[in-house]
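As written, the chains take the letters A, B, C, D and E, and residue 1 is the first residue of each chain.
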Amino acid sequence: MSERVKEILSWYGADSPGTLANLARLLNHGRLGGTGKLVILPVDQGFEHGPARSFAGNPAAYDPRYHFGLAIEAGCNAYAAPLGFIEAGAREFAGEIPLILKTNDADSLLEEPDPDQATTASVRDALRLGCCAVGFTIYPGSAHQYRMFERARAIAEEAKRYGLVMVIWAYPRGSGLSEAGETAIDVIAYAAQIAAQLGAHIIKVKLPTAHVEKAAARKVYDAENIPIATQAERVRHVVQSAFDGRRIVIFSGGSAIFDDAALFDEFRAIHDGGGFGSIIGRNSFQRPRAEALNMLRTAMDIHAGKAVS
Amino acid sequence: MSERVKEILSWYGADSPGTLANLARLLNHGRLGGTGKLVILPVDQGFEHGPARSFAGNPAAYDPRYHFGLAIEAGCNAYAAPLGFIEAGAREFAGEIPLILKTNDADSLLEEPDPDQATTASVRDALRLGCCAVGFTIYPGSAHQYRMFERARAIAEEAKRYGLVMVIWAYPRGSGLSEAGETAIDVIAYAAQIAAQLGAHIIKVKLPTAHVEKAAARKVYDAENIPIATQAERVRHVVQSAFDGRRIVIFSGGSAIFDDAALFDEFRAIHDGGGFGSIIGRNSFQRPRAEALNMLRTAMDIHAGKAVS
Amino acid sequence: MSERVKEILSWYGADSPGTLANLARLLNHGRLGGTGKLVILPVDQGFEHGPARSFAGNPAAYDPRYHFGLAIEAGCNAYAAPLGFIEAGAREFAGEIPLILKTNDADSLLEEPDPDQATTASVRDALRLGCCAVGFTIYPGSAHQYRMFERARAIAEEAKRYGLVMVIWAYPRGSGLSEAGETAIDVIAYAAQIAAQLGAHIIKVKLPTAHVEKAAARKVYDAENIPIATQAERVRHVVQSAFDGRRIVIFSGGSAIFDDAALFDEFRAIHDGGGFGSIIGRNSFQRPRAEALNMLRTAMDIHAGKAVS
Amino acid sequence: MSERVKEILSWYGADSPGTLANLARLLNHGRLGGTGKLVILPVDQGFEHGPARSFAGNPAAYDPRYHFGLAIEAGCNAYAAPLGFIEAGAREFAGEIPLILKTNDADSLLEEPDPDQATTASVRDALRLGCCAVGFTIYPGSAHQYRMFERARAIAEEAKRYGLVMVIWAYPRGSGLSEAGETAIDVIAYAAQIAAQLGAHIIKVKLPTAHVEKAAARKVYDAENIPIATQAERVRHVVQSAFDGRRIVIFSGGSAIFDDAALFDEFRAIHDGGGFGSIIGRNSFQRPRAEALNMLRTAMDIHAGKAVS
Amino acid sequence: MSERVKEILSWYGADSPGTLANLARLLNHGRLGGTGKLVILPVDQGFEHGPARSFAGNPAAYDPRYHFGLAIEAGCNAYAAPLGFIEAGAREFAGEIPLILKTNDADSLLEEPDPDQATTASVRDALRLGCCAVGFTIYPGSAHQYRMFERARAIAEEAKRYGLVMVIWAYPRGSGLSEAGETAIDVIAYAAQIAAQLGAHIIKVKLPTAHVEKAAARKVYDAENIPIATQAERVRHVVQSAFDGRRIVIFSGGSAIFDDAALFDEFRAIHDGGGFGSIIGRNSFQRPRAEALNMLRTAMDIHAGKAVS
């Protein structure tokens, strides 16, 4: 067990050894094992965007086993997906990679200004499927946000009782926010804080922009000269906002980028800002497998601090 | 056990010895231990206002351990915070200071005329984290008030069954009240009464102004010549409104004040009016630690009735 | 056990001996014990109207123990109050007077055309506090009426399982009714019927006026020449409407009256009309204690059929 | 509420107001109401000895209603019986006398050196039947004693949660004791201590003899010169053994005595020794009703300290 | 929080912060607070030996309040007793001293070669009574040992879930052991190991003799030259046997000693051998209060390492 992983585990003093052991499994698996960094493959787009939008560009990805195989071969720390996708490969790939069961999901058949999600899996499901962690999405800023926080809290309490890790996807959106506000630096930092206060062990947010959404926040960012000009600075601020770096925060881009140079710049900013890694969905499974493997390995090298040209 | 603490415990005849023992822990801890007075450090602003607005002015405060340390070194009676902040220090500081677990919280990403909060922690959480008490916020005057009262009641019943103390933050707001009405003397006194009727052991309200919000109330205040001209008189009236002083009522200021003379005047008014103490959040952790310790100790001296120049 | 009390108990054939025993306790306690008549002291005005409007006129009444003492000394059959007030005296006055725990309450901070209440106590609370009965308020005519009926029914079912008595406060109001309609004879009689149909053992309504609110009702009242001209006739009609007098119906005045002659006339009308007694709140605890004791005893004499000049 | 009853209630500080209210009901009912003394009518002999042995001598006593009537007319504090007997009169006599539901019973069809009992009723039964208390028999000294203690404890915990009183019949017997040992002073005092440690509110033991059963005890009785020569001294020692008199201890004779002078001497000894009263079964219901009423009233007079020739 | 207490808490890494907080309360209370040493007053002799044998020598001790007062005035770390004794003082002394609720007990009315105990209290009882810990006795070597281990484990699991501390009284006895074997060094060391393996936080054993009971053990003690000649050496061996000193082990003498010099020698041996303190029952409450206070304070001084002549 590396010193860094031991240090990270020490931040979770209220958790049981069972939860720490599952957290250690996530941190010690794959090519980044032991570095304290994470690259996770998430595939919930089938539910969120529909199958054709998600998989038609790389039809092999219709098969749930494809994603298990990709995550394993790439050396990801974990694979995250909704109930059906996990069930479809859990036996065949049992024990090959840490699994994160998404326990709520949304579709895109009904547009609503204030989005919500459906609870789609349970902590019991996670145990019977051999998952290390459960995932839950909250939408801070939505009119449904408090009911979402309450469901997240209840699942977190149960997950901890059974020794699992709680991952919160904190995606600000809803009638309280402008579209730009969804990735504004003050809002993303706030979302990370909320997820940490709800008891998340791992927090997943989008990379923030330099926009500041709320007037009350802007006053403070200006008065205190909080550095938010570069992506790395913004990552650093978000990590600080999650209990001064004592919670694991990982980042995703906002949308599919097929310009790998830009993508690698994002990973470098995460690394330079002290972020704990990336969660890379569409950019991986929506391209051919060989390319995806290359990209994911490069991502891991960047997060591991290796020179990548 | 001082006579005053024994007297206070005698007011809670319907409670179990377990709840009395935890109430005694709160009353006997810290520099005010045994006086029957309380100064509590609450830090829920990370959730309520966001991390930068809360902590950027004193960046050490991003770290959850900072607040445990501040409350312990200052000699506060207790430290109150949401789940994540309590979890982040509960093992390291186990047994060093009584803890109050906030069990609901709101954020400020979505403005609503009728505010609500999310339930964010449970009585079971409080027990596993070693807390003496649970806290819950109600918004009398909001369209959501009755559902909030119901959740408060349910948590209070469970807390009492397990020997914990129930603290209610009673903050009037919502479409039933003008902005001035949120701190009007009739409204604050009413909020204290509601919290007491819901079964709170400790009630936290804001310092009231001399404004009287409701016409029906104004008639009585005028007819009975209820003295509300000075802050001390208003404190006395609020304390009387909480079962004739037989429930513990503590006060907070409405906003951050960095004019300590004004702050100390507030503490003096609370003391002179028979209030049981203060809950001091932003005014403590948003300034440098040494200044905060000085301020908190002066606050305790004033509440203890010592001459403070 | 008097013949009259035995007769009353015989009306409740679906109830357990436990519920009958508690009903007998209510009927056999105090100066009216054994007569089949009841005078109950209710004090929920602190919650419903706020502390100053309720208690400033007689400041001793801020102390919850005052009301226990008043009810006991006056010889009332029972004392009814919300959770906090009952908790504040339940140990000190254990066994001295039958207690009715109000299990829902409203405040007056937020005016709504369709009023509702919050559930503020449980059947378990009633048992641990030594109460004989639980009380619940319904607002027939409000848009919330069906949810209120459902909550009343659920509490009644649980109360009966544990041998408690169910008291329903049936107060018509809300967008379905004019202001005059809230005390109209057809509406009050209807509210008594609804409470009886929901399974109440004791029904509390306001004294009705001769106004008939609903056109459909008016046709019948006219066609059948239902006598409603005098207060006693209206009382008789309401009692008849509650299962032909086979449910206990007690009455309150609508607002504080300090003209005792008028008040005593109301009690006489209740007695003459076959009502089972009075529930007297503001008219008792808002006047000096000695006067209140005199008034309550006179009320009991009138209900007992004694000549009172 | 008499000072003496208030003093007795003050000994039960760990109990809820609900339990105190039911204890007050027992202490305030009947001819001894308010004196702090109790005379209770128990009729479990139908179960324990069979119907003919129990009732043939006074055939009216075959009818369960006979015993309710006897207890009520005599002015007993309470009537105690097994489930069936309570069920058979609970509605007809609802509210007329406090009831104690025996929750375990034994028969005499199978003689065993180590006796046991069957659990025959529940706390829920007690609530639906309107009982103030549950009763449970333990046999200290039997090979079954620990399982009996465990059942007693579980019922006591549930009874307290619902506001009922716990009465333990502590009858030493079994292979650990000689026949004389069943009423030996050291053994009876020990049984009272065990019942108190198990959480009983009221303890029922047999009048002890001057015999000392256990060698280890005899050494102490001799060394400390514990006065046990007279019946009053032995009662005093048993009461002292039940938490220095801070638990209610009542006594029964060992067998039916139809020599009333001897019986009254026993009552006098209980009174002189500071006992809290008597539980009188066979000596009351196995004689003609008028004689029983006379005897019971004399018993009450003696316990009340009245001169009885 | 002293470094030593922090070090001790660090041994209990599988426990929740709630359990650590209660363990800290035990370690930080009284005259030995902060030293890592404990002197506990246990009073279960009323149940175990009967009231006269326990209390007749110092009759003030019949009153349960006596023991609370003695433990508080002496400055003990905690007071341990069965349900009834704790209930009888829990309200009056709420919050004045950490309480340990004994959850099983035996009496001495029935001699059995294979002793057992009855479960006499629950974890829920401990919470409602404000206890920091539950205690449970096991008899390794008895034919009932495995059922006792199972009950101990179940209570430990529940206690840990609710943040309480588990104390195991490990008293070897039963048909597997000779009388000398009950305190043999191999057997006491083995009992401490069993208690630690069952998940105890604090283990209470008797001071061992130099006798080695089991032949298989004797071979090892001889072969390895384990030093067991002096009492201090034996204490050191027992402490080593409880996870190399990483579980708290406290000691009691085998029987009442009124030769204080001998008693103090025992305390010195415990201190010299690295024991964590003493549990002193009969030697404290069976002598006059002033003498008991002197003795207990001397015991604490010895355990604190102070020179005591």
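We take it that contacts are C-beta pairs under 8 Å (C-beta built on N, C-alpha and C of every residue); 3 or more make two chains touch, one makes a residue touch a chain.
Please read all numbers here as calculations on a predicted model, not as lab measurements.
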item	value
Chain labels contacting subunit A and also subunit C	B
Distance from subunit C to subunit B - Cα centre to Cα centre, in angstrom	36
Centre-to-centre distance between subunit D and subunit B (centres being mean Cα positions), rounded to whole Å	50
Multi-chain contact sites of subunit D, meaning residues that touch two or more partners	13-14, 16-17
Pairwise touch network: line, ring, star, complete, or other	other
Chains grouped in pairs wherever the two touch, ordered by label	A-B, A-E, B-C, B-D, B-E, C-D, D-E
Of subunit B, residues touching subunit C in the complex	11-15, 140-143, 145-147, 149-150, 153, 157, 172, 174-177, 186-187, 189-190, 192-194, 196-200, 214, 216-217, 220-221, 223-224, 226, 237, 240-241, 243-244, 246-247
For the subunit B and subunit E complex, residues of the former touching the latter	1, 5, 9, 16-25, 28, 90-91, 93-96, 127-131, 161-163
Subunit A-touching residues of subunit E, taken from the complex the two chains share	13-14, 16-17
Residue ranges of subunit B in contact with subunit A within the complex	46-47, 49-53, 56-57, 59, 62-64, 82-92, 105-112, 116-122, 124-125, 128-129
